[in-house]
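Here's the structure we're looking at; comments come further down.
As written, the chains take the letters A, B, C, D, E and F, and residue 1 is the first residue of each chain.
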Amino acid sequence: MKKIEAIIRPGKLDNVKDALGSNGVNGLTVTQVIGCGKQKGNTQVYRGVEYTIHLIPKVKIEVVVIDSDVDKVIEVITQVARTGEIGDGKIFVSSVDNVYTIRTGASGEQAL
Amino acid sequence: MKKIEAIIRPGKLDNVKDALGSNGVNGLTVTQVIGCGKQKGNTQVYRGVEYTIHLIPKVKIEVVVIDSDVDKVIEVITQVARTGEIGDGKIFVSSVDNVYTIRTGASGEQAL
Amino acid sequence: MKKIEAIIRPGKLDNVKDALGSNGVNGLTVTQVIGCGKQKGNTQVYRGVEYTIHLIPKVKIEVVVIDSDVDKVIEVITQVARTGEIGDGKIFVSSVDNVYTIRTGASGEQAL
Amino acid sequence: MDTGDTAFILVSSAMVLLMTPGLALFYGGMVRKKNVLGTFMHSWIAIGLISLQWILIGFTLAFGTDQHGLIGGLDWLGLNGVGMDPNADYAATIPAIVFMAFQMMFAVITPALISGSIAERMRFPAFILFMLLWATFVYDPVAHWVWGIGGFLRNMGALDFAGGNVVHISSGYSALVAALVLGKRKGLGKESMAPHHLPMTVLGAGLLWFGWFGFNAGSALGANGLAGMVFVNTNTAAAAAAIAWAFVERIHRGKTTMLGVASGAISGLVAITPACGFVTPLSSIFIGLVGGLVCYIAISVMKAKFGYDDALDAFGCHGIGGTWGALATGIFATKTINSAGADGLLYGNVSQLGIQATSVLVTVVFAVVATIVILKVIGLFTKLRVSEEQEANGLDLSLHGETAYSEFI
Amino acid sequence: MDTGDTAFILVSSAMVLLMTPGLALFYGGMVRKKNVLGTFMHSWIAIGLISLQWILIGFTLAFGTDQHGLIGGLDWLGLNGVGMDPNADYAATIPAIVFMAFQMMFAVITPALISGSIAERMRFPAFILFMLLWATFVYDPVAHWVWGIGGFLRNMGALDFAGGNVVHISSGYSALVAALVLGKRKGLGKESMAPHHLPMTVLGAGLLWFGWFGFNAGSALGANGLAGMVFVNTNTAAAAAAIAWAFVERIHRGKTTMLGVASGAISGLVAITPACGFVTPLSSIFIGLVGGLVCYIAISVMKAKFGYDDALDAFGCHGIGGTWGALATGIFATKTINSAGADGLLYGNVSQLGIQATSVLVTVVFAVVATIVILKVIGLFTKLRVSEEQEANGLDLSLHGETAYSEFI
Amino acid sequence: MDTGDTAFILVSSAMVLLMTPGLALFYGGMVRKKNVLGTFMHSWIAIGLISLQWILIGFTLAFGTDQHGLIGGLDWLGLNGVGMDPNADYAATIPAIVFMAFQMMFAVITPALISGSIAERMRFPAFILFMLLWATFVYDPVAHWVWGIGGFLRNMGALDFAGGNVVHISSGYSALVAALVLGKRKGLGKESMAPHHLPMTVLGAGLLWFGWFGFNAGSALGANGLAGMVFVNTNTAAAAAAIAWAFVERIHRGKTTMLGVASGAISGLVAITPACGFVTPLSSIFIGLVGGLVCYIAISVMKAKFGYDDALDAFGCHGIGGTWGALATGIFATKTINSAGADGLLYGNVSQLGIQATSVLVTVVFAVVATIVILKVIGLFTKLRVSEEQEANGLDLSLHGETAYSEFI
């Protein structure tokens, strides 16, 4: 099983979730994050004092899927979350050793 | 070493933390998340406009432990966080290459 | 590629970000977390009722880098985030199978 | 001059001033996190600009010597001649300057009310221009028609105790027009636009309710029995409308919401505004109940049906509630409460309802046409609406360069 | 009729109205995030329902023609005969309708106070029924006994300037009963139930303090020297109690908290309420200091010891503080401040303390018994307490279908 | 005695009281999340302590029988002799106790204003001591000099209608000194110290604006034409300064911020405070515009240049704005508005500007010297500043053992 972590623009969350859902991927977990990279931050001025905010609000979506679903998920996210502007975000894929469903105690792929 | 990520109901956080503590697992990190899966969301109505909230508040607990502790931790979490209703959450186990304690600079298992 | 997750004191975030930046590491993602470990929590009293807050505010920094950068990143974080007091935090290193840049569709090391 | 009356109107003026920051909270809690300060700005900049507009030109346009029933003359330009002595034409027992101050607060909040419909998408320079033009070319004339000595609606016998036409109908229908001209928010119906901070909205509603006592009872222009009656009518209608909204929500959706109770209360306050100095407390119960009901229907059913994006329901609340209130005045008014008023339908005077309907119609048509013209004219000089990117990033950051909350410190 | 007095009571009424939304904030900040709106609702629905109950039936039950010292007659049903002329029996210089309005605001906030003890677990329909029955069968009679012409506690000579018995003792002990009947919140003592938003609570305390000037000084029913004295006593006791709480917290726990200062201020305001029109400012310091102290002990020590779950300390604050205030009135009252009052123990009149104690006892016994009966009767028709699942999910979502904050937008 | 005047001053006193919790919000929103309650505390403990200080000793020091023009005698210690009858020396138409109460609210808020400059780093015990000493040795004497019968600045002819010298200059320059003595916050210029909750700040500004009507118009000590004029001047200057700040921000930085509009409004309110009872509304526009401008420059340019850490701009706003206001009074004052005042420069009386400048100078020198002495003396007994660790963890947790928000419930 693989874990897919996608850091995307907050405004794209609903779309990505829906697109994944219509591709049969229903389980996911979302975290509010801030991040930086190529996208430059914005400058905020409070009473004349400038604060450059380098860390920009993003949303992290985590989906754990069986290996054969990885490509599909990545394609869906890449398509739906893309605007073409710097700051669209990254997807990280890593391996998961095991999964458990707390409610049933099931583990492995059937736990998903 | 392994990282155990458990997505649980927010109300179970205190119990899980205490149970882990009394099993000798004291280090953990908690994140506020929202998620979806089999559990259906709820509908909120604001001035007559319905919003179905698919993403439900959850809490993510991350614990990094030595390999031999993994089963114990999973058992504790599974027991304590279970209500038997849909939405109890998932546990993901993955491998960690190395751990460092910032304060001491120690690495590997003795860093935990 | 490796993912480096550092749990640090919130007050150290700006310093760590800047230090990484001046070492050429510009991409990172930050999450607000709470955690416990050796650091003991604090007691808060509300109208005479004591609540011991075991979970202390921390910040999690996630950086995905190519393998050869791992040591540098760990050194920078360890140096900058250290106060020497209990509660400085941990760094976890794990493997990442693949990385994608949503904007370009690039994958692998050139996606970073 | 009477010190008791003066004390009452001074304090009432302060209470009405507080309504505009209250409105900022009421509206601000209902928008998304990224638009809070932009929404606040609409109310706050109204306080700043209209306070100045009013003393320079607005007051004399509204209350200066009548010109053909349509507008006040320029005799009081820059408050020239508005002093510490009473002006018996309007309020014989309080200094003229206090009457002016009290009226100023009405002029301030009215354009701010409009901002509810165009929330989350209007450009700030366009909003400023709109407000200044609207205050001068819509509010000031309508105030003159209804309240100015010689104003043609006043002469016609239209009853509007504290601003049904002048404040709520004028702003409500203008808000609808502005929403239509600007178009819908991006993502409406697709993304969640749930209120980001309901306690803020409820706090705003509380301050509005408080201030409304100054607004309505202060309109008696003295601390007397009539002011007392108005006070009770105001509270009663607000309470009844809150209950009505809660009740119909329960029937229609299964649950009573806090936002519903607060919205209901505001609807009731709107509905009773024109009537409060002419009706009995028992009539106020009825006016409030129906007020809550019609606003609920307008906001929860009609808006969805017609599909306009009146973001925070400035039209649904003030336009609809104000219309009902103006008509209700023609039904429930009685001279036993206010001998300077008139009897309504229920008390045997059918014609009053006709007069009220006419005054509503006149106000609506004028507000609609004038708002269209004003927006078109502004559109010739500057864009009305923010860019897609600005809208996505939120007004706070893109227009004002600040964020309401800093989560990570 | 006096315009100055009328102005003062009109504004005071508005200020007391504002206390209930203020209470919503005060209480709402202390609950968990998931219960904010449910907690707000308790106060807001009180404004809606009791405003109507009062004009329809409550006012006449409390202030109508006396029936055997126990209750008012139905002469003023639906405000029949309550008009713009003064009723010299109660307030000779202000319109009767204004007196009615001022009293209404007291009737509104009192049941809302009770909601503090049953926070985070009572079903909404049960709460609505409770409030209506309690207002009618507890508040209205007690108000009559203490303040109505012919009321038996009034005739007995009990002193209660602004509502020690009527407002605080009646609600405080009823709150205790309600907490006991409903049982503890799930997880109490195990999970953290720390306040979710203390700035909200402190803001609420600020609005309460402000409104309390209307509450207490307005009870002089005129803008006169007595009102001034009451004003000063009110502020002084609140300040003293805030300092007392801060101080004892520092001794007992090592740190002075903001919540403590705010809680102390409210305790002092409660304690001075019955006494404020009868005592000197220096006595007020003492009443405030002791008020802060006894409430601190009740809330921080006694509650833990006895183990009842008075969630937001409605009993600890209003029951205990009100009792102290009523007794303190019997100790510190002096005719030099208010010739219509009486001298207390300190001024040589031992019997006044006895009278005060009796009036407390009567109020407590009646409130306790009546509350038990009301809750039992309601329990026959509908469940009082939410289900475990609803409690876990929070009242906002499970009862009202909304959430206070939307974090992710 | 006049009931109308009394009603007005009673309500004004309540409104001024509300300003201090309003200030807590205004300041609290601008600090970092970890220091909210610590910042609130500064204002709230001022209410508690100075309310008591004032009735015990402060009032008589400020307004008791003059001693050589420098201080009041102890005749009214503990309010001895301050009763329900008017004291014609100060206010012939309201009870002496009401005059005392009104003045109390000024004494309360003034030291709280100072807390803005030392936010996020002062120890709580040191702050308490500072406030008590400062109130007694700075505020009370200055109030006597300017407002007390026989006070030397009053005798000199200095005009200060509602507290330019007494409130804003005294607190503003003391705040600067305190900021310098305490030193900068750790991490200033390196870490982000952006405001954590701007809606809270804007709400605070709204309450301050509301309360300021009581502050300024109430200083007429009656509900009369002058009060009306003051009311209008107050609102006008606030509005003008808000617009000025918005405008200069737009020019200087490209964007108009909500925080800027709120800050501008407060600057205008400060600037008009000494002048409001002596100038025309048109002059108020000018005073406001310049007030907004000079405070903007002080806060956005000067502070950065000199590098002192006036955290929340207590000096930039009150010191600078108050100085401008005091001088402006010497320019724009006219006897046509207030025959008890004087004419200013513009009306041909050059000397008035000199008198105003002298009074500013005297107040500044005294405040600066006294504040240094007080802080040095306190420093002998206890540390002024929190430890590095406490500062890093935040005042809420380290000084008060509580946190403002609990995010995870």
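Keep this in mind: a residue touches a chain if its C-beta (ideal position, glycine included) is under 8 Å from a C-beta of that chain, and two chains touch if they have at least 3 such contacts.
In UniProt terms, the chains line up like this: A, B, C = P-II family nitrogen regulator.
What you see is a predicted model; the values in this text were computed from it and never measured.
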Interface residue identity across copies subunit B, subunit C - same or different by half: different
Selected interface, A-D versus C-E, where C-beta contact pairs are more numerous: C-E
Rigid-body rotation angle, subunit E and subunit D, from Cα fit (steps of 5°): 120
Subunit A-subunit F separation of Cα centroids, rounded to whole Å: 50
Averaged-CA centre spacing for the pair subunit F and subunit E, given as whole angstrom: 33
Whole-Å gap between the CA centroids of subunit A and subunit C: 18
Residues of subunit A engaged with two or more neighbouring chains: 30-32, 34, 44-46, 53, 55, 94-95
Where subunit E touches two or more other chains, by residue: 2-5, 7-8, 11, 15, 192-195, 197, 203, 253, 255, 257, 259, 401-403, 407-409
Residues of subunit B defined as touching subunit D within the complex: 44-49, 51, 53
Complex contacts: residues of subunit E adjacent to subunit F: 2-5, 7-8, 11, 15, 32-34, 93, 192-199, 202-203, 205-207, 209-210, 213-214, 217, 222-229, 231-232, 235-236, 238-240, 242-243, 246, 253-259, 261-262, 264-265, 280-282, 285
Residue ranges of subunit F touching subunit E (in the complex, touch as defined): 1-8, 10-11, 13-15, 17-18, 20-22, 24-25, 28, 36-38, 40-41, 44-45, 47-49, 51-52, 55, 78-79, 83-85, 94-95, 97-98, 100-101, 104, 124, 197, 200, 203, 396, 399-406, 409
In the complex with subunit B, residue positions of subunit D that touch it: 30, 192-195, 249, 252-253, 255, 257, 259-260, 263, 296, 299-301, 303-304, 313
Footprint of subunit B on subunit E - complex, ascending: 187, 190-192, 392, 397, 401-403, 407-408
